[in-house]
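Provided herewith is a single structure, encoded as structure tokens, for subsequent inquiry.
The chains carry the letters A, B, C and D, assigned in the order they are written, with residues numbered from 1 in each.
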Amino acid sequence: MKRLFAVTLGILTAIGGFVDIGDLVTNALVGARFGMRMAWVVVLGVIGICLYAEMSGRVVAVSGRPVFDLIRERLGRRTGLFALIASFLVTLLTLIAEVGGVALALELASGVNYLLWMPLAAFAVWLVIWRVKFSRLEQVFGLLGLLLVVFAVALWKLGPDWDSLMQQATNPGPTGHETWATYAYYGIALFGAAMTPYEVFFFSSGGVEEKWERQDLITARSNVFVGFPLGGLLSLAIAGCAAVLYLPAGIQVETLGQVILPAAVALGKLGLAIVLLGVFAATFGAALETSLSCGYTIAQYFGWQWGKFVRPRQASRFHVVIIICLILSILVLMTAVDPVKVTEYSVVFAAMALPLTYLPILIIANDPDYMDDQKNGRVLNFFALVYLGLLLLASIAAIPLMILTRAGR
Amino acid sequence: MRLNDLLGHRVVDRTGRDIGGVADVRLVQDGPLQPSMQAAFRVDGLIVVEKRATRLFGYERHVGPALLHWLVHRRLGGVWYLPWEDVERITEGAVEARSGLEDLRPLEETPRH
Amino acid sequence: MAADGRVLHAQLHLLDRQLIHERTGGLLGKVDDVELDLDADVPVLTALISQHELIPAGQIVAIDSAIKILPGELNLTKGDDWAEQHVVDKIPGAGDATE
Amino acid sequence: MRRRFAAFWVTIGLVLSLAGCGDPDQQMRSEGARAAREAVSGVRTAQLVAQSLLDGKVWDQPATVMVTDAEEALGQVATTFDARQPESAESRETYDQYSEALSSAADGVTELRIALRNGDLDAVRQQVGQLDKTAEQLEQLGERAQ
């Protein structure tokens, strides 16, 4: 019974935790521009993150080592350092976007400018990391993030022509004034948003924080195989709302307000209140995850003590890194750079850094010295390799497409 | 000697022919007993790869998806095992072998445990 | 014992691996290098090197997915100690467990 | 390998220069149409927000924030387009036509924001009707070129 509860809780947390500012913005943006014609990318991304998150969860449960330990070990000091810099910068960029997202959600709720909320948001993130237990932090924000289910209700309430949505979903390709280049560019962005590297850093380090062992594999797998796909459905609902409301009206999503507006249009003030709370929880939760991930990657590369399973003074460098990252994100946002734009770039850069993160996971998940009887099977390896190819393709194509489309214009 | 210095040393056989670079050192825990009552790790031999590549990702062994395995091995060329008895001496930047290339065994044939 | 001892590849199994305190489980850094005595009658591994500190082979307790050691007199957490003294300890609640 | 890279950059260069040159009037029309489509987005957003407010579906603060965002976006679209340089009489005509439509759209949303902040619901209602017409006009302009 207790086990069942833990599994359910894990799944719910995974659903709520799956969606972050990158998913919110990118899905709404893509829904408004292409309708459901890019739904297949979300499906592709969710399958990919499931494959690799399961591998990293299994590695943690069997060997007790989180992902970045392995990246350094298998890639060596030099290539590992390169991977560290790339992953760290992408995670930091994502953190900046998440803190901006929290501030924007607060601005929408209160009408007070987000620049005033932002230092407060960053401070609150730090305070929670400093004081609150890992499992509690995960549960509270994961469960609150579940409120984003309101997008699914809103989509249903908007009473769309389901046939035409299905029609769009089964006919991939650009429409109207869009070109194949912008279609491909946003495809990569959406893929990057679904497979963001910090998700596996956080997932695997979280496994160590919660002291996973072999018997916890069930929890890890159910989180991944049930929680993530349901989180992916939330993403599709967000895109669906934008497709129904914005695509015919010619509205392009450029602000967080436009992301949440469909919930208000469909469900009124109650819907608006729920979606605001959901967005706040999702971005705040993701801000916690990304700032922890900044600390995890650096500490795990250098072998420093890390984690919330020890008191802050025992993992002092880890906490210093987190504090510095939060200060950096305040400074960057202070320049009044648009957090939504930061988000759009962060998901594309995430797509570029993907192969470096996922290759070492695949290598270790096949290593009998680590995995004993739990190493990858042939079918899994086949799909993992297909994805590795896709990741490489996305990573190589990202910059040329960014130049060619002038970042998706 | 430090491992990082040894890795990447060129290996030349008895005729002076360059046969590859040092990629790893094989240790066997059957050396003299240490104060901690454990056997020391004895240097058993060197793993030599034909082409210059010091990172093997552990792929010099039979692990991993066949495709990755094949890719890595294509980059490495032949992977040989040079037992310590066959090492004549180690100089600045090079290891001189007592045997010839034709005497070397592929790494796959050495027992794993 | 003879020829059936455990087999390790120095670079693959030792280099860049995590060092752990055998008793406390604290994380003590990475193996940056390995010291080999190649001139002895029986050439052996003599020490691991981390952050310029030499960890004699006798202090290695177990080699697994991480390497457990007995640090003894070695100071492998200088950086952590510095950050603790100069930054973290000045913030209230640094020594408290989280709730 | 290097040759393949060179071919890649040459292609990019070609595409960029193709986009950059061509008939100045054609180019003006295509830039104008693009700006008009971007403006539609802002106008329709503001309209949707204001209508939701009238329907009691959003409260004041979020509505004001969203309309202000739309106003800023529109202002930017208008300024960017206005900075273009018409090089012929014909393109001057196109320029004036689009420029006027864009600034009147921006003005309309500004009016809406003012009414909204003052809590003048009648004025908001009036502006919503007005914005619908503006948006339709911009939609037509936006379809005149790719």
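In this text, a residue touches a chain if its C-beta (ideal position, glycine included) is under 8 Å from a C-beta of that chain, and two chains touch if they have at least 3 such contacts.
Given the structure is predicted, the values throughout are model-derived calculations rather than measurements.
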### Query
Between B-C and A-D, which chain pair is linked by more C-beta pairs in contact?
B-C
### Query
Between subunit B and subunit C, what is the gap in Å from one C-alpha centre to the other?
24
### Distance between the centres, which are taken as Cα means, of subunit D and subunit C, whole angstrom
61
### Summary
Taking each chain's centre as the mean of its CA atoms, subunit A sits from subunit C at a distance in Å of 34
### Message
Multi-chain contacts only, two chains or more: what residues does subunit A have there?
### Response
76, 369
### Query
At which residue positions does subunit B touch at least two other chains?
54, 58
### Query
subunit C: which residues touch two or more other chains?
15
### Query
All pairs of touching chains?
A-B, A-C, A-D, B-C
### Touching residues on subunit C, where the partner in the complex is subunit B
1-12, 14-15, 33-38, 42-45, 49, 57-61
#### Entry: Contacting residues of subunit D [partner subunit A, same complex]
8, 12, 15, 34, 37-38, 40-41, 44-45, 48-49, 52, 55-62, 64-66, 69, 73, 139, 142, 146
### Message
So in the complex, the part of subunit B that touches subunit A is made up of which residues?
### Response
54-55, 57-59, 63-65, 67-68
## Note on the structure
subunit A residues touching subunit D in their complex are 107-111, 177, 245, 249-252, 254-255, 257-258, 261, 264-265, 267-269, 271-272, 276, 400, 403-404
### Query
Which subunit C residues qualify as touching subunit A in the complex?
13, 15-19, 26-30, 32, 50, 65-66, 77, 79-81, 83-84, 87-89, 91, 93-99
